[in-house]
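The two complexes that follow have subunit A in common; it is paired with subunit B in the first and with subunit C in the second.
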Partner chain A sequence: MLKKKAARQARYDRSAYLYLLPALVLLAVFLLYPILNTFLTSFKNEYRFLTGEFAGFGLQNYADIFKDATFGRAIINTLFIAFVCIPASMVAALTISLLLNAIERWQGFYMTLFYLPQVTNVIAAGLVFAFMFNSNFGLVNTVLGWVGIDPVAWIKGEGIAASPKLYYEAYARCLFILFVYTVWQGISLKIILFMGGLQNINKQYYLAAKVDGTSSWRIIRKITLPLLSPTTVYVFITSVITAFKAYAQVISLFGSHYGPPGDDSKMMITLVGYMMDAMGDYLTPGSISKASAAAMILVLLVMLVTIVQFKLTKKRVHYN
Partner chain B sequence: MQVRLEQVTKTFAGSKNTQATAVKELDVTIASGKLVGLLGPSGCGKSTTLFMIAGIHDVSEGHIYFGDHDVTALPSDKRGVGIVFQNYALYPHLTVWDNIAFPLLNAKEMKKRLKQRFAELSPPMANFKAYIQRLVEEAAKLVELTAYLDRKPAELSGGQQQRVAIARAIVKNPSILLLDEPLSNLDARLRVQTRDEIKRIQKQTGITTVFVTHDQDEALSICDEVIILKDGVLQQQGPPQEVYDHPANQFVAEFLGSPQINLVGGSIKANKLYLGNEEWFALPESLSDQPVNIGVRYENIRPDRENRKQAFEATVTSIARTGGTSTVQVRLADGQPMRLHRDSDDVLQEGDRVRLYARPRTVYIFNAEGEKILQC
Partner chain C sequence: MKTQFARKFAVYLLLTIAVSLMLVPFYWMINTSLKSSVELLRTPPTMIPAELRFQNFLDALIKAPFLRYLSNTVFVAIAVVAVSTAVTVLAAFAFARLRFRGKTLLFFAVLGTMMVPQEMLIITNFMTVSKLGWMNSWQALIVPYCINPFNIYLLRQTFKQVPDELYLVSRVDGVSHFRYLQKVVLPLSKSSIVTTMILSTIWIWDSYAWPNLITTDDGKRLVSNGLQNAFTSDTGRIQYELQMAAATMVIVPLVLFFLLLRKYILSGMDKGGLKG
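And then the complex of A and B:
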């Protein structure tokens, strides 16, 4: 009896794999192979992209990029984006979602409003943002002018190389703009996800709590947030991935030299930006393999953050 | 505490300015300390009525009194009601202990009341936390869940979840307990067991309890009184047996009782009742000539062995035996079917002609509008 059953199960399994085969092949060709290839390439010394020649396996590429000051900036900027923009946008999105969920009228209207950044082009919106921060006729300075604050040269890099003080002031201003834009850009999707999660919570929990005289704050803390936790984790992980891939917003705000006009240190470069530049330089021996090494570092960082997150929140996430 | 609804109406605003009246001019009094069933088919306004008592829904018109106190405008958390929702609404991320304790650790108001009770304890207890612990344990003990306090709701059976919900509702010592279809999510065997459990808990605590159900059997078996609604309108209120034996109208007669009551077309002519076309018996009161529906319950129809005048003839068309009783279907002279219960060892055979009989006071006569016009 049991044997027969097992045999039948095996037959089922075999046909299941057969049906899955096309998908598995596509996955292998377009996902598995590139990942493995990148991994291998990152260890090839003096790898020439056009001929495929290389001078043995080793850690040369990793050593090279870690010695490169631009790579250091790329790491720092990427981590900045992750550690500032993820918490900021998540807290903002969650707050807005809780408020939106509490109102009945105009909910759809506000949701559309908050969804707009999601359907605008990252580059185009970035240009508009950069323009808003324009020193001469940008909206931000105009508004600051109304309250009596002198115009700020927001995106300006001329003559900063000589003085560390001027350099870091320019850097701080650019970071600020980058943060504001990144949060603005990423908030819509998070709101949509949070709203979905909130509306999935059974209304009877709230009725029960209301009859028991639970305060709004306690309802949020003891009922809403715990029941929303799977959504929060999902939002967090997708945010981490998006943050570590930050690239387009930097290009659109600061141009392809990753900095304010006049800066030639690639002040605002990100990890993906660093990879892009290295890949663009594919004729130089070892360039593609350095890009691969940077990519592996990126993967490592994302994995690290995700694992830490899982460990920290394991007990507090409630899955149904 | 006594609950009184006075001309209570609830209208919901529908889409496009339409209005739906869920409950209409409801006048009922729920006696203090009683277990009262709110009974009616799905959509008749039972939950709406319950939610108005709880203060979850506002009342559109009319008043609700708890004792002498008009609570119509009182927010739900000030009414001191405990409610069990149809799907329990247990917090899935909290343990049984935390679920039961939830209402106690809530608002300032509750804490104040608890602190006061704590202060008046005799003998006094050492600390407030221990008092909370004791209240939770007492509630858990009442519903026999002491062994499960550390579990999450998902790790409990449906019946146990149900009892957690009851414990959570009574732990704050409510003056009124409201149960919305508490048994509808349980399987048949558990349902009988749990309803007896609810009866026991209610008797033990003496809390005035409103028990919503669409299952007449449930209501009749455990309630001290039933209130029957149809389309938001009160049909009848009274003790179960009373309502069963003296239904106010055809709807109540049909709704109560399983199997459903026999309804046979007939008429009144010259103060005589005709069952189909056959004269049955003379009416003790004078009523105008009209077509009527005649209702007789299965168990009230018996074979006539004494040649009574008030018997009628019928032909046995089928016999379905189930355990100790069998259901006999017969056909009247004009072809209308009727059913009755007999012992399974009865000698009736299909095709037999039988004389049947029902005592006049078990016969309900309804007019074309479904109003009861006579029960002798």
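And then the complex of A and C:
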């Protein structure tokens, strides 16, 4: 009996827990506990950060944020990034990758250059874009001037509250800037991933098609794109998840009031921006729990997309 | 033959146009960073600075105080990389090689947290940090970044590739686990470890939300947070030439870093992506 126990213990390395200890402590405090606590806090009504008091559990925070027009704007802007900017940058990245895949010489050189937007700093690059769209000293209006187009007041919100028409025009201009920046920012990673996918396609398919004299456009449509589809799904899902978390790029373009000067509706706010705003207001009772509810909506969106991914890639994805 | 040449030419032409468009922001940033404040106000703006004013970089460093932000960021990055590499290597080794109770469960806990958006953690971590009295402290900027489930997963996969025979031989020879990790596993896994270190550095360099939330003290701000508001003059005018000089100083080191360590960064991305 005793022998058996000793034998079982010998199969275990007791020192293992020492190796794991630092990681597990950090994991518990900064990852696992926050998940649980944020979930719980999102159901605490009128939660007070300083005292920890709250007025019972319920769905009040969720009801509050769904009634809030700013939250509506946050959702719309976040979905705009995920389902307008992401597909556009995927089409651009795929086109560039197909072109890159067709050349041999200089391929590495081009890929290095295409990668550069990825190794910038999100705030620094956003400030550069904001300045490119500056109405007086910006590059965009200068170039427009060369082709005879009058300067556009890109980031301007004075007096827009009075008229819905002016408001939506200002909004459209800001969305355009966000679109350009998001496409630019996200294109590098997509090119790298698409190139990886393209290089995994068996060359024999192409040789066979070549023997048959198939046109290159037909090869792309009938061989490349279908065989690339697992990569495409992967790129789309991971990009959409990143888009759901959009925050710093909006701050860098439009400042911490999420809009052009003169706008007080936080017109460009995102879901995470909404969460961070509620957080920053932590002394107001119920504010932290509202932030938690917004965070849970984010988790829900991410989970939803992850489930879609599993459904789409069943049996097709291979882990290495 | 002729059409094939024309086609190749068209491909290179299109790629060159695409690359040029992508590089426009870099050009505009550097162009602006070298202008004098007088030249900046010219309309239409000049495409090449009339005179190159490198003084802007010095002004930006002193004025913001951007030098402070830069050195803070470098300090935090070094501390995070040092601590998190130690934490990650030890945990990954336990998961890859050692036998202990609850291994599967714990590993699933690590994998599970990988899928949770980091942004949701901010709320509770903010509460924790303020209860610990860590607001405006180095600990708050460093400690939460020291755990990275993705890196644990990446290194565990790498460590598992070390042949079993090496482990068994070292056991027979009575080599301790720690020595085995130190003398056999680490040298064989160098490139993956370097990859995780680089990814952590880029992560810190790019982080905005967390440091912004927990530092109000100018002496502890990181570059991302310092950049935005630092260059508004007393009259409320943004000094774009200094702002762009500062942006250049944030971006250029990262670009150089990438060009030097390309191999490691791209291999890390193959294994599971960067950012979020």
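Note that the second predicted complex is superposed on the first by the 270 of 320 C-alpha atoms of A that agree within 3 Å, B and C clash if a C-alpha of one lies under 4 Å from a C-alpha of the other, contacts with A are read in each partner's own complex, and residues count from 1 in each chain.
Please note the rule applied: contacts are C-beta pairs under 8 Å (C-beta built on N, C-alpha and C of every residue); 3 or more make two chains touch, one makes a residue touch a chain.
What you are looking at is a predicted structure, and each value in this text was computed from that prediction instead of being measured.
K.L.:
Quick check for you: in the superposed arrangement, does A:N202 touch first (subunit B), second (subunit C), both or neither?
P.N.:
first
K.L.:
Taking the superposition as given, does A:F129 touch the first partner, subunit B, the second, subunit C, both, or neither?
P.N.:
Second partner only.
K.L.:
Regarding the shared-chain residue A:R221, is it in contact with subunit B (first), subunit C (second), both, or neither?
P.N.:
neither
K.L.:
State whether A:G213 touches subunit B only (first), subunit C only (second), both chains, or neither.
P.N.:
first
K.L.:
Subunit A residues in contact: does subunit B have more, or subunit C?
P.N.:
Higher number of touched subunit A residues: C.
K.L.:
What is the contact status of A:Y19 with respect to subunit B (first) and subunit C (second): first, second, both, or neither?
P.N.:
After superposition on chain A, A:Y19 lies in contact with subunit C alone.
K.L.:
Can you check the complex and tell me which residues of subunit A touch subunit C?
P.N.:
Within the complex, subunit A contacts subunit C at residues 11-17, 19-20, 22-24, 26-27, 29-35, 37-38, 41, 49, 92, 96, 99-100, 102-103, 106, 110, 112-125, 127-129, 131-132, 134, 136-139, 142, 145, 184, 187, 189, 192-193, 196, 238, 241-242, 244-245, 247-248, 251-252, 255-256, 272, 275-276, 279-280, 282, 288, 291-292, 295-296, 298-299, 302, 306.
K.L.:
Flag every residue of subunit A that touches subunit B in the complex, lowest number first.
P.N.:
Residues in contact with subunit B: 202, 204-205, 207-215, 218, 222-223, 226-227, 318, 320.
K.L.:
Mind pulling up the subunit C residues that touch subunit A in the complex?
P.N.:
Those residues of subunit C that touch subunit A are 8, 11-12, 14-15, 18-19, 22-26, 28-29, 32, 40-45, 86-88, 90-91, 93-95, 98-101, 103, 106, 109-110, 113, 115-128, 143-144, 146-147, 149, 152, 177, 202, 205-206, 208-209, 213, 223-225, 227-228, 240, 243-244, 246-247, 250-251, 254-255, 257-259, 262, 265-266, 269-270, 273-276.
K.L.:
Which positions of subunit B touch subunit A when the two form their complex?
P.N.:
54-56, 76-78, 81-83, 85, 87, 89, 91-94, 102-103, 106-107, 109-110, 154, 168, 172
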